[in-house]
Amino acid sequence: MFLRIDRLQVEMPLPKDPDPAAAAAVNELMGGRFGEMTTLNTYMYQSFNFRMRDKLRPFYALIANIATEELGHIELVGAAVNGLLYGADGKGSVAAGDAPFEDMFKQAGAGANYHINGPHGILAANSLGQPWRGDYVFNSGNLVLDLLHNFFLECGARTVKLRVYEMTKNPAARMMLGYLFTRGGVHAHAYALALEKLTGVEVRKMLPIPRILDAEIPECDKFIKEGSHRKLYRFSPDDYKEIAAIWNGPGLDASEILEVVDGPPQGGPQYQMDGVPEAFIPEYHPEEIVDIANKLYSAAGGSQP
Amino acid sequence: MFLRIDRLQVEMPLPKDPDPAAAAAVNELMGGRFGEMTTLNTYMYQSFNFRMRDKLRPFYALIANIATEELGHIELVGAAVNGLLYGADGKGSVAAGDAPFEDMFKQAGAGANYHINGPHGILAANSLGQPWRGDYVFNSGNLVLDLLHNFFLECGARTVKLRVYEMTKNPAARMMLGYLFTRGGVHAHAYALALEKLTGVEVRKMLPIPRILDAEIPECDKFIKEGSHRKLYRFSPDDYKEIAAIWNGPGLDASEILEVVDGPPQGGPQYQMDGVPEAFIPEYHPEEIVDIANKLYSAAGGSQP
Amino acid sequence: MFLRIDRLQVEMPLPKDPDPAAAAAVNELMGGRFGEMTTLNTYMYQSFNFRMRDKLRPFYALIANIATEELGHIELVGAAVNGLLYGADGKGSVAAGDAPFEDMFKQAGAGANYHINGPHGILAANSLGQPWRGDYVFNSGNLVLDLLHNFFLECGARTVKLRVYEMTKNPAARMMLGYLFTRGGVHAHAYALALEKLTGVEVRKMLPIPRILDAEIPECDKFIKEGSHRKLYRFSPDDYKEIAAIWNGPGLDASEILEVVDGPPQGGPQYQMDGVPEAFIPEYHPEEIVDIANKLYSAAGGSQP
Amino acid sequence: MFLRIDRLQVEMPLPKDPDPAAAAAVNELMGGRFGEMTTLNTYMYQSFNFRMRDKLRPFYALIANIATEELGHIELVGAAVNGLLYGADGKGSVAAGDAPFEDMFKQAGAGANYHINGPHGILAANSLGQPWRGDYVFNSGNLVLDLLHNFFLECGARTVKLRVYEMTKNPAARMMLGYLFTRGGVHAHAYALALEKLTGVEVRKMLPIPRILDAEIPECDKFIKEGSHRKLYRFSPDDYKEIAAIWNGPGLDASEILEVVDGPPQGGPQYQMDGVPEAFIPEYHPEEIVDIANKLYSAAGGSQP
Amino acid sequence: MFLRIDRLQVEMPLPKDPDPAAAAAVNELMGGRFGEMTTLNTYMYQSFNFRMRDKLRPFYALIANIATEELGHIELVGAAVNGLLYGADGKGSVAAGDAPFEDMFKQAGAGANYHINGPHGILAANSLGQPWRGDYVFNSGNLVLDLLHNFFLECGARTVKLRVYEMTKNPAARMMLGYLFTRGGVHAHAYALALEKLTGVEVRKMLPIPRILDAEIPECDKFIKEGSHRKLYRFSPDDYKEIAAIWNGPGLDASEILEVVDGPPQGGPQYQMDGVPEAFIPEYHPEEIVDIANKLYSAAGGSQP
Amino acid sequence: MFLRIDRLQVEMPLPKDPDPAAAAAVNELMGGRFGEMTTLNTYMYQSFNFRMRDKLRPFYALIANIATEELGHIELVGAAVNGLLYGADGKGSVAAGDAPFEDMFKQAGAGANYHINGPHGILAANSLGQPWRGDYVFNSGNLVLDLLHNFFLECGARTVKLRVYEMTKNPAARMMLGYLFTRGGVHAHAYALALEKLTGVEVRKMLPIPRILDAEIPECDKFIKEGSHRKLYRFSPDDYKEIAAIWNGPGLDASEILEVVDGPPQGGPQYQMDGVPEAFIPEYHPEEIVDIANKLYSAAGGSQP
């Protein structure tokens, strides 16, 4: 089972200006074939279905623990898309006969869907608005094949992220991407190590795919300096400690040492975002329901922060 | 972000005999339109996209916390399907020209897929083998509409679960169903209360839908006696305490009092299941990789449990 | 706009015994690529989008009127599937720990879905349980191409119906099929005449495809004797009379004369079917809601028939 | 079975100027998850599958009759999209090497599909060009659950319509939306009443969702003045009179009385639209087929209007 | 089985300027319902499944041989899309913090997918980025029905190609279209002849659909002069000679004679296109892998051309 | 462009008895995510989109040539499924009121679809009857990533084939599987070599995945003895000779030498199969169309073999 902490895995600034086109591109990283929904659910299902887990705990723990980190990644991508849509609000009032969303969403491909069917926020879809599909999950049960797939998947996901990076200069989006390049790099590396333990083949020597180093990407600097690329966080109160049996020894840069961090990162606060009353989010007259919430709070003996 | 505990939310016995037909039916509860993937992701995305969450924290906390409980539900359904497939292993050897999976998987509809493409375990699909789709997620951003949907979704999910219950007598599957009837009932009730706070309409008086009481279902007895039906667990080290502003007061049976439990349930251990070497799960000669795992363990200073 | 008459287009006996396998096969005729949903919606959308309809009224009227007849066909197929499932009810009680639907739905492919997600009745899906899709509609706007498609579609639909006919001996299903062979034959013939008017090519001489005459199919006898194969009904109080400009002259058998019937057929009564309380259809204790309905009736000054 | 009247349920002006972007948005109201295809088919299938309909006629009649009104709604949305595309014709001739549709359809997302695969008219798809799917139909067979769903569905459909309204100022599109807001409001209200009869819960007090009154929307004025919001039309020559057992008494505004109108509305004429010969609609040289139609008419003793 | 010749079926100039919007439109001709993937696979599967092929060789050979020509058509459409994207490369460097693909792909609907998930080249999808589906294949096994379908399919494919032609003036795209109009015309004609042999109906007299002659399309001139419209190429070293039993006699213009050409056309060279290193195609520093290729060549005793 | 030879790549016996369940399983190898349609089209599109192909010819030639071999593989799988369905014909006559396909297709999952919508032959679908999808194609344009994917894909495809092997003892199906294990092994090996040339990582040392040697599978014996596992056929009259720059040197068993065979294999004859007149394949009275074919032959100066 799972616990939740009401923080993001990394501190991200709220974008200053809305950028719906970037939001649509970043949405690919959520619900595309190589999006975080695919990495998350693939590792999650592999952990659910892991046979002989008692006898193969280092491998089980590795997959189960990375799956848990990926839960935080879908949250991050969600926050990024919300942030990129923030402030893209229509002007004008329905009651006055205005069409507040006539201009903004006209050109952005799948973007109009954020307004029509969505919450002006992340959707479980790719950049074209096509829904994520459960058959993107790969789980054969054969450990070597599953790990080989995971290694490929991380490389494919990195390629897609690199290309989305190339489509927006938004600093908030890029900060998230810089973080995900680093963390995705850790995951690819970890699966490569697991494969190497099982087959003897030095798969990690293929990295990075594509052949651009994180160190060449400006937004990775901060995270490389923090050593994020050589740290595997343990996302559990007490379990999955066996990941240390795989994640140890020298890093890709042999002068560095791989490290298991015994707990989640510090992270950053959740975004606080106003509603879009013109789009009925959370309501056409939100002050009424805020009032209700305040009363509930008082009645329960608490007070609204 | 999230943490993981390597236990199930409830203790479930491992099925004594394989029951692939029941497994296929139970799989609907994972990846069907009204399966746990839909409840989980709907609430998860609603929590990601929640606007004005600082001012509407009781509602935000309710949805975010139930989403976290649902993570444990997909794990439970996964375990149940694995358990129902356990022992449905083929007899014979490929090298001897046998067809070890000729008979078992012949008739079970989508069931052959467990062998061909799957890990002899849970798939992110419905009972027909159709993949779960991201557009099953409903998230309009309008708080009343989203809560109304969630209330309907829980009732729809209960109906589907009741019908799957009617398709198998397997005690392990039914114990899980008994637990999920109770917990789903709590969720429906909680959303009804939230709706009532916002609109004044006593939606909870519609419960249960369909009109069969949990108390009429034998497998719910144990959980009713434990009071599970009036408890909302808080699945977080420190957050989401505001759920108490909604989940309080008398229960559906007015003689009972709703209670927030300050932490996750005790739960039960994960299943320990052997592999299916004939199906290459985790490998054709698993003893070789078990040996590797043991060495890793020793090298890392640990020892296999 | 449309009006509805609470009768079926043809009188069908209620099947004596349930036949879930036949139901699954017949469901193809509803939601398969060549099912009635496709013919209905193709002609419906062609009528919605018909340009220059004032100047091309015979063609417009033909398509619009056949679309309306197809509405009755989806109703017929729906009734047939319901009838084939009627009585396939589970025995036993949930409260007693029974699994009333364990046996019946085990083997029937998509059939379990009738119970799990469905109303023990028709679904908008094919025989495999795959949903009907809006892109089965063909409507290019080019009149000759659309008519050529419609002619092909009717022949394809006839092929599928013939093959479903070969999969069940159920007399009720076969009576419906006999009726639909005849009516589908009229539609293919009508589109062939329209094509011939426009291009001079005697397309109707290809009929029937496949090369088995309706007269060779026992269940068509009754309808041939009634002359159904040479009658085009006008399904409108006052409109679409221009169909007579296309549907006239000798039939495929030159000794017969094509006839426009100025109104709908007499048809037969709707099935009256009990509920399936074990499956919560319409409710677990239906007598309670019947009682409510009776009171509503009285209050409104009517009386239950 | 069904009859068809060659009129729209409401009189709509033909748009003066083409507006392909608005057309794409309005198409969501046809084939989106919350479009008219979903309301229509959900109620239609619920009526096909209704068990114990003799004993529960008020509920059966309500669903069956609203389904029939929805047939007119898909026709209305179809007309609106056609109208919005009307005049968006390319200039120039293929024979002269022109590319008449190069500019117009370049930017409009799914819009190019109207030209490539469509009839320059409505498609059975959503605003992204994704086909409508038969599994959008919800029909559990449990009467309370189905009615709860229908109530939710109408609220969801209203939300989507409100958001599309905010994306276009086209007067023709907005007149249709004003009409549909009113009629959708009647349907939501009617399902709420039915639920209230069965459960005692005053669901109608949640209306409207979202919390903007029709009276606040300028284009609803006309229809409110006509009392459309308190009228339920009976779309049948002689049947479904039992709807009066549910639709009676005071309206949402208690000073008004709910009324069953014994027949369809007067409505308005169908659009008459020229073809798009450059797109081969209905043909590259339409005058040739108009000539054929005229001759057919004469031969049949009629004359082209 | 099959052999491959490293040439295109027709010589096409490489486009001088990139035209991503035209690329997206042309992609419909690959993976749309009426794209070359559909014609190719339909005829391919019909040839795989052809029963009694020994006794019906002229029909078998016709379908099998046209299927092989279609393999060259998917290659042609692929080359055209690649050519239209050629040079649409981003400017700037990731390492310098640039967003080289920010502008170019912003507006082009499905076009961004060429960058995010694709190779800046053809995708197996339609113009909206929706994947081609195997159920676009039609193969009933009934020879007359399959041929009728093929005739319809070719007419539908021609309509779609005509409409794409109207969306771009790019000379390279149009040269390919001119070629495909001619070759598709041959296929429609050939299937019409096959149908006529079997049924006696002069289906070919319906051609062309839509009613615009190839001779009216400027880009067809060259191919008409070469007689391409009356030639059926035999794409096999030694087989399928029986096509001559169907493709013979006078052409649509009775003054011309149909001709079987005993081998493939001369065709033209493959495009030679540089990579897009900014998009990691074929790599971020391609000179490194070119160097590797050169060494392989030398080692194998060859030399790079 | 392509040429076709009317032979299979390997000689396969026609199955003696029909085995519809095995046919359904084998169909996965055609249209499943890891079926031959995926390998074929992935390599085909990679060859279409290959940038810098002049400078990287060994890699281009390898992919383009394996794609061509895969064309023969879809033909082989097609033949196998046809063979497994051969003789599964219904008994009895429609005209006599029989239901010739009532029994045979009742239980076989997707199998009924072979009759209802199919040609009693291969479908472009997986074992559940779900259509193959164009987004199974992977083609990023990055050479290392595409080759890594291809290596993974071949291993995944091998796993699926092994599991289908375990579901049938049919000798014809198993002979085909034995052949495909060997040929798929060559492809995995070839992609591993290409990856090794580019990255230096000895990927081939992971083979085989799963860890069962072809030599352990009885049906591979024949092909291993013929040396098929160390031969790469060149499927082209004159092109793709550069494959020798990659496929050379010692084999996986270092005592063997890899060999490029300069042309296609000898292969075996196509199956000759009777029709299924009861299913209208190729027609209800096939003797009539055989007669037509004979006359065409005579008229064309040939004679039926």
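Brief remarks on what is shown
First chain written, first letter: the chains are A, B, C, D, E and F, and each begins at residue 1.
Keep in mind that, in the parts below, a residue touches a chain if its C-beta (ideal position, glycine included) is under 8 Å from a C-beta of that chain, and two chains touch if they have at least 3 such contacts.
No experiment lies behind these values; they were computed from the predicted model shown.
When the partners of chain C are compared with those of chain F, the chains appearing in both lists are B, E.
The pairing of chain A with chain F is characterised as same-residue: of all residue numbers used at this interface, over half are used by both copies. Least-squares overlay of CA atoms from chain B onto chain C yields a rotation of 120° to the nearest 5.
Each chain gets a centre from the mean of its Cα atoms; for chain E and chain F, those two points are 23 Å apart. With centres defined as mean CA coordinates, chain E is found 40 Å away from chain A. Looking at chain C, one finds that residues 33, 107, 109, 117, 128, 130, 135, 140, 142, 144, 159, 210-211, 279-280, 283 touch two or more other chains. If the chains shown are joined wherever they touch, the resulting network has some other arrangement, not a path, ring, star or complete graph. In this structure, the chains touch in the following pairs: A-B, A-D, A-E, A-F, B-C, B-D, B-F, C-D, C-E, C-F, D-E, E-F. Listed in rising order, the residues of chain F touching chain E in the complex are 1-9, 31, 37, 41, 44-46, 48-59, 64-65, 67-68, 71-72, 74-75, 78-79, 82, 117-125, 131-137, 139-144, 197-198, 235-242, 244-246, 248, 264-265, 267, 270, 272-276, 279-283, 286, 289-290, 292-293, 296-297, 299-300, 302, 304-305.
Note for the complex: chain B touches chain C at residues 21, 24-25, 28, 32-34, 107, 109, 127-128, 130, 159-160, 162-169, 210-212, 216-218. On chain D, the positions that touch chain E within their shared complex are 90, 94-95, 97-102, 105-107, 109-110, 112-113, 115-117, 128-130, 278-280, 283-285, 288. The residues of chain B lying in touch with chain D in their complex are 33, 135, 138, 140, 142, 144-145, 148-149, 152, 155-156, 159, 195, 199-203, 205-206, 209-211.
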